[in-house]
């Protein structure tokens, strides 16, 4: 089923040095227009507002996930592990490469407002009338289905799924290293080669040999640090919230029949929940930013103001809430309204959930396959049962509520705002 | 004239680790909408098509140039060099930060087609009715003029100009390191601290102490490598050429009165050569990519085809010409026309000029201040007079002509194309 | 009290890039013969047997501790923190530079066998008739006493002591980074600049501002990883144990009146516990290795065998003991004796103590100043009270017993060794 | 002929990340006492006096050369190049690993004084009654001869020799990267993977494909920088010269029948030119340093003074000579003698020869195989014929004469020293 290229192709990559392409199918997938579109979607959404280096795309990341997967499989093959199903190589590589193919621009904000799911779109692109689908069908008629199965975690061989999505998968291994590299922080730099040396296939799972426990602790600590220092950074969240308000406002206006001075077909279909695959293709980050720029001169003052805030990085200010007082929040809403800021579009209370390491909890949604240690005597054990460090990370819910609001609120006449709210908002007067 | 911040601000930067902002003016300049716009302009234009990591923006680079300048000045001040005019600190830092403020998207292609100049735009933005101008005027009435003077190299103190633009300036020092970091190549990584330790102000110039000659050789070699391996990479050039053809075609259509299905005001003003500063602000890379996407479905087959090629990375193929045979090229044009490819929009002969190191040549346009070695005995000497390596780099004109053309030409019936042209085009049949 | 050099001196350093010397006193201290002697003492003792890159000396490390201290103080001074006693700069720098001046070769083994203490020797060198003492006395008559006070943690200003030795001191910050660099592992690479940015002087302590908690967690995790992956590596321990056996055997022979074919005066004084400062100076690692080499041909078969084992890296094999069965060990001793291996010199049971993070426990020996977080509201809190991760690291006693023995024991006739001992020794037959 | 290990062995290496051992023979060679001895020989001799990080051993380097060779061969095998003689894999790896096995401590000084050659010793160790020889003989009876042949460049297949010693060999590739890493300079960091990708076997040679010319230029520039910045650093040379004077003095004393208070057998045999392989084994750097330490208290004032200078880094001062005036030098000798410094042991004029790149010059001694570019049209061309940069490096003889002398000479009464000599010696009075 493999179809080697006559000559290996190579991409220069800052994270893995080189990315090696050895199969015709992979090469053709990279050259499809759907895959090239990933160049126009930033990997970290609004994070570049906090860490200016974070301007890398999902294209780079997707190549990276492919490369990590390739390395893992090579290691399995070189060591001749019998529990690795060799015939799944191409499927694994294709799924790794395409796992983010359905991602849109600023996914979180748009998915939240319009109810889309990037995983659904990945499957639609893999299965629909696309260049990607054509390339995959050349392998076999059922191949697109299999690739979609792996991406959506329904494929029957867990080992293939877990390569691409589990608690210790190629996806996370690449993005931790890549995001650390591009932001410039070095919390995320665990030792990839060390991890590769301690994992192996075992009875349908990918497991870690017990002497590799410290390597996994190191990896999980990197992840923990990245979550708190980068992914949940309140400035990034603030940009995210402004963006959600923009989309919320636009949707609201659309539903009220507002006539937009600037509108583009894919956006309209997004409002109408009637996006085709073809339109989705056009909905990249460039389009989104152009829309924001054009809307910054729309008639609706809220929409234009919010768009300007995002483009010019005049984000919302935030304060950490020690405790959440519903009544106080309610009074704040009223005060804001009176001060001329509609709280629906100018205020948000945000709680970062701790995703840093979730152990296996059967029945829960979105659960990922846990990390298993293999001990010659005890068999398989979930790692948090053996590592106190992992246990301490797993149990931590240190997220605090943050209140986001426009800085201008602080310039409102202090007399106007009750003293306790002034204190809440961190007035410096 | 300095106005220190109460508390130093810090940006995490992958190249310099941290960027330190210590003055109110710098902080406010960074927060202007004109400076934030640089986030929407890629530093390396079409280079990301060759090196996928090269997705960094002029925003990052501008902060970097500021930081290198700050480091140089700190070193001058710490050593108490008397030839450094201390009163020029803020001016130098502002000019460093703003030197690229007028850059548009895909500068080279657009400037070539529409005759704009980013340096002119930098001055228009610094001097016009902008947020940047307002911040600068707070320093003094003439400050914007001075900043513009440094950027346009007309300021009367050469030493300030040469910090920002000379053969060994903060601009190049940052971009070599930054472009090397983001592309992932390591040819560009000279030792910045070593360079900082060997330069000093001397009688109105910035010079290199003689024992620092090897450090400068190292820097110039990095530059040489970056030019040939990254900046002049033929795939990058190919993308650049496709883009020029897009703009050329669009301009042609506009002049012929073609009615575009999709058009935006700033673009129209670009065609009409009537861009205002406000419109220029909107003309970012997002807008340009959106236009390309929309035009990929224009009626004009050439325009839509060229746009698709760019977006989906179906670039032109290239061959190196050992010698340039005008007659042969002419016949190729004819053949292409007959094969259905208008050579005006589907063929280009390109010659990368050697910009890697140009010695001082009085009277030449665009010449940069040369690198001077300071010898206690001999005084100042231009470096290529002392270093054989620099001399060998300076003298090299190894660029070769490349011929770019659509790959589909190779699928045309070989009978149709004369044998010598087939050979020229590198037919593998 | 400072005496600046006319021109700053610079050392190229792989960890901190450059080490800057700005005072005459520091420069002269580095050039004393006692400080130069540190070039002949490896930083990590026998660790190079496990990680071949770990060949760096205490000289490099001492310069590094000086540099980290200099950076911390510079930061304090640049920010104008009032709680930092500016007059203690030179004292802090000298103590940082000299804190390891009394270290001998393979300290752990020699100290254990002969009851010496490197800290005592540091004070003897600082206070005795040495070049170091002469340089320090130039500053003031009492200066050597003060330096010795800081090194021995008796100086009355805790803040100066804690710079050089506490849970978050310049000593550890340098050695974690340096040992990581030279071994080639990357577990030890925390972000030094980030730590520097979150510490400050406060009421006689050096504290961490609360928002810096994650930075400290990262640093402590690096430390935890380095301890388990590098410092307590069983192969390093094995080399250490062989060395202890060598010294133990030699001491035994000396006490029995054995006549050594090769002996040198400093070694003899070590046996007699009558070492002078002058003799201690000669007792470097080169001498120790020469002695081992010469003794590898001594008449005593145990001494010569143990020396050969060390030099040729024929170390002891080890097994992890799940539980410690005193009776079984006793029977093993007997069996070994019968097999011709004196267990006193050929067997060891080792237990790595967990030094990775010890919280403040008043009254305990060897306790280090804990890490305090500064919260504007709560005041000072020991970090493990706020961080679950630190708590989990502090509480871990995962060290296991290891049994070390010569591999040849496995070649003894299996019949000769009882089955349960065979199993214990990990026979593969 | 290959004998794979059951399980791959791995060494952590700071330069190559990991070093992979896959054959029993290699594993056994590493564990011989002759190979372990390389841990006691510093790779860069006296360079650690200038760059304190340069404390790495020939053991590390030898593993590195082995690893680079392994990578090159893997690449050849993966690409299925037919011009690579597959049967030479083990021979190449063994020769790579053992190429420095005969190196003694401070080779240059000792070889110069006593007329030994490390290459001869390599062959004696490979062919003599050693553990290395025993391991090699297990492969085949003639295998030691073949390995010695490759090391001494007499083996009949040039391609095997050139892997280990040529202008672009595994030896240099490792030491440039390694020495750059440990000294901390970054001039030496060319892109190894890039070089690996452009070399290939061709008709009995290892050649570079023409498009790889820039990669080779980069490598040669790194080499050029390392030579001038590190290897020929005048402080390193000064330490080397002091050492040569020590050995020169000791030899002189021995020949005069001086009775040394401290002497060891291997040293005596060195004087007598009667060293056996067994004695050579004991002659490591530890022994040499111990001898220097012991001799620092010898009766002979010149010998003890020179030894102290070396150990305590009180090296000779140096000045650069613009021109060499024989008469002046002669007068300086006389003046020195009168001032109490025997010029034979206290003065040296040194000229660093340019070894950075020597083109092929048939008939010359010590010539190395040149770097050949492979052009599909032109065939093979020596690189300096195509690259102006290489040509400029090859032609440079910028070395200057340096005069080394004891600093104390400057403290002699100025009246005593003629004005022109005072000027020559760089008196600052």
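Labels A, B, C and D are assigned to the chains in the order they are written; within every chain, residues are numbered from 1.
The rule is simple: a contact is a pair of C-beta atoms (placed from the backbone, for glycine too) under 8 Å apart; a residue touches a chain by one contact, two chains touch by 3 or more.
Protein identities per chain, from UniProt: A, B, C, D = HD domain-containing protein.
Just so we're clear, the structure is a prediction, and the values are computed from it rather than from any experiment.
Averaging C-alpha coordinates per chain and comparing to chain D (HD domain-containing protein), the farthest chain turns out to be A. Interface comparison, A-C against B-C: more C-beta pairs in contact at A-C. Note on chain placement: the centre of chain C (HD domain-containing protein) and the centre of chain D (HD domain-containing protein) lie 32 Å apart, centres being C-alpha means. Between the CA-based centres of chain A (HD domain-containing protein) and chain C (HD domain-containing protein) the separation comes to 44 Å, rounded to the whole angstrom. Averaged C-alpha coordinates give centres for chain B (HD domain-containing protein) and chain C (HD domain-containing protein) that are 52 Å from one another. Along chain D (HD domain-containing protein), residues 17, 185 each make contact with two or more other chains. The touching residues of chain A (HD domain-containing protein), counted against chain C (HD domain-containing protein) in their complex, run 185-187, 189, 191, 214, 217-218, 221, 224-225, 228-229, 388-389, 391-393, 395-396. Every residue of chain C (HD domain-containing protein) that touches chain D (HD domain-containing protein) in the complex is listed here, in rising order: 11-15, 17, 31-33, 36-37, 39-40, 48, 51-53, 55-57, 59-60, 63, 181-185, 264, 282, 284-290, 293-294, 308, 311-313. Across the complex, chain D (HD domain-containing protein) meets chain A (HD domain-containing protein) through its residues 10, 17-18, 193, 197.
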